[in-house]
């Protein structure tokens, strides 16, 4: 019973607003710290690859960005599902707050993929399964954001966005499978980034630390965005008025 | 029996109404009044089940309308702002299809009779795009005659009608109520339903 | 140690354009997002302040 | 009244409406033909090249044409109030939604399938490949109508709805495109197309079972 009450307490926008405000600096701090450690590993500890020379150092952002871009889409869909199931406004707001960060990371993944591809495959863009899926994921993010932007009524925007996020997440595995199938059939690039020939443990460590840094950053950024969204949506309510008074 | 309990409606960021209660028994008419934008249409759509209330519940024969959806919809007829008349179909086809889609078994004579009753006997086979606005609304209203619904939910049924049609629709509502039906309606005109004193629900208050 | 000098570090074994291009664009994007978040927050605050002010004016009027 | 009867009445009405608005159906069909005919003008008339890309081009054109016709699925019913009345019928929404999707496929998918062999011949596809093309479209175009219905339902009454639908729906069409065009490729290269076609069939079954529920939820959201 107390558990349930607590859950309700934290799902109220007013409580969450304050809580998020306290947590954001910690997540930014953790992200910065992990980023410094990760960059140190990727540039100073990880040795130069004898095949790809130093170009491979791009994977220390490419792979974490790809992982997180997919992970964020799934988290977004989970929030959307929670919102539709329990009709909690905060869940919808979290879903909308995650999308821009997810789209940004998807773009980072595409950009770094292209810059890695040029020296490795000799072309800026190769229709490799991973990159193609990432491109489609980018479209899915854009569709979600465009749909929400086109709807004025916040309730409808929340629900419509949630539904398309769920439809998207059901389709992602099918899309990924179909793109891989298509790729192997057309004998495209068979080199995979993560299967770099001499994948030393230190490289994996670098990627993991960087992935954690991106993770912390994504949490901080989305919490910060959800706070602004809460403020916009709840500006008519009593607690916002009180909050602004104490602040000024 | 239809009952609204502690209803609240939020559109966008505005609360249109809250803590609204009403009760409608057999043979009663509930007239929903209020200024433009006070939520009359929203209330009617809420009672239909098209709009989920922000708060509160609507009961049909003591059960939430969401749980008895099928039987509730079978006993209810809604007449909204848009008349649900297809321009490319004739008046006859419009009524015929809309009844059959709603699961009402009708034969041709009944359809013709209903349209004739509302004074559309001469334009049965004209495509609806050549009908006037008032005539289209009458096509839509003629469904009420065939639907055999106990609850009528009518949003501005009297607009765009001429004097004769106005009388006719009012007497139709009266007949429906005398036979033990229920009606929920909004109107700008003073509705004079013969022999009925309506309950008033004022949303501006 | 991988690098004997800073210039070697910046040279990245001849792949400077690709490596630094990736890291720089990522840094710019993240910085850009943080700036956007700041301005979003400012906008939301301004909007909320205006709303609160407006509702106060209305309250005062109705009280008078 | 039984469920099949409702679907039957709905189909009858939709087909009658489509017959009275034949222009709309023909517009989509001509769009399909024109898009496919533009490709040879763009890439040159080399028969080898055309034969290689024929299946893919016809499939892309079919995708675009199917997307173009999505606007018709719910928009006019939404504007004139018919959609509200359908929601208020005692029939479960999934039933009449399935009916509407089937009607949409009959009106805008089937003409594409019938026209496709003509376009295939333009690209010099072999007899086998033509048969596979038709069969893959037969399995694939219903999926386009099904998935498209979600996009059409979500964008009801929004400004810029048409462009928005394409942004929402086209990424979801990709698997259909891959397996559809892949089947034709397989037939051309002699590698066989059974695997592609059975995957396409699998997608069709999955979409047929799941999408009506999603569309029902989407319509509820949009109608509110």
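Residue numbering begins at 1 within each chain, and the chains themselves are lettered A, B, C and D in the order written.
The working rule: a residue touches a chain if its C-beta (ideal position, glycine included) is under 8 Å from a C-beta of that chain, and two chains touch if they have at least 3 such contacts.
Nothing here was measured: the structure is a model prediction, and the numbers come from that model.
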item: Centroid-based (C-alpha) most distant chain relative to chain A; value: B
item: Best-connected chain pair, where connection means C-beta pairs in contact; value: A-C
item: Mean-CA-position distance for chain C and chain A (Å); value: 16
item: CA centroid of chain C to CA centroid of chain D, Å; value: 42
item: Intercentroid distance (Cα basis), chain D paired with chain B, Å; value: 36
item: Mean-CA-position distance for chain B and chain A (Å); value: 48
item: Residues of chain A whose C-beta touches two or more other chains; value: 155, 236
item: Chain C, residues touching no fewer than two other chains; value: none
item: Shared interface positions of chain D, touching two or more other chains; value: 224
item: All touching chain pairs, where touch follows the definition stated at the start; value: A-B, A-C, A-D, B-D
item: Chain A - residues contacting chain C, complex; value: 43-44, 46-48, 53-55, 57-58, 61-62, 65, 100-101, 104, 107-108, 111-112, 115-116, 118-119, 217, 221, 224-225, 227-229, 231-232, 235-236, 240-241, 244-245
item: In the complex, chain B residues that touch chain A; value: 10-13
item: Chain C to chain A touching residues, read off their complex; value: 1-3, 9, 12-15, 17-19, 21-23, 25-26, 29-30, 33-34, 36-37, 40-41, 43-45, 47-49, 51-52, 55
item: Touching residues (chain side chain D, partner chain A) in the complex; value: 150, 154-155, 158-161, 164, 167-168, 170-172, 174-175, 178-179, 182, 185, 199, 203, 210, 214, 217-218, 221-222, 224
item: Chain D residues touching chain B - in the complex, by the definition given at the top; value: 1, 6, 9-10, 12-13, 16-17, 20-21, 79-82, 84-92, 96, 223-224
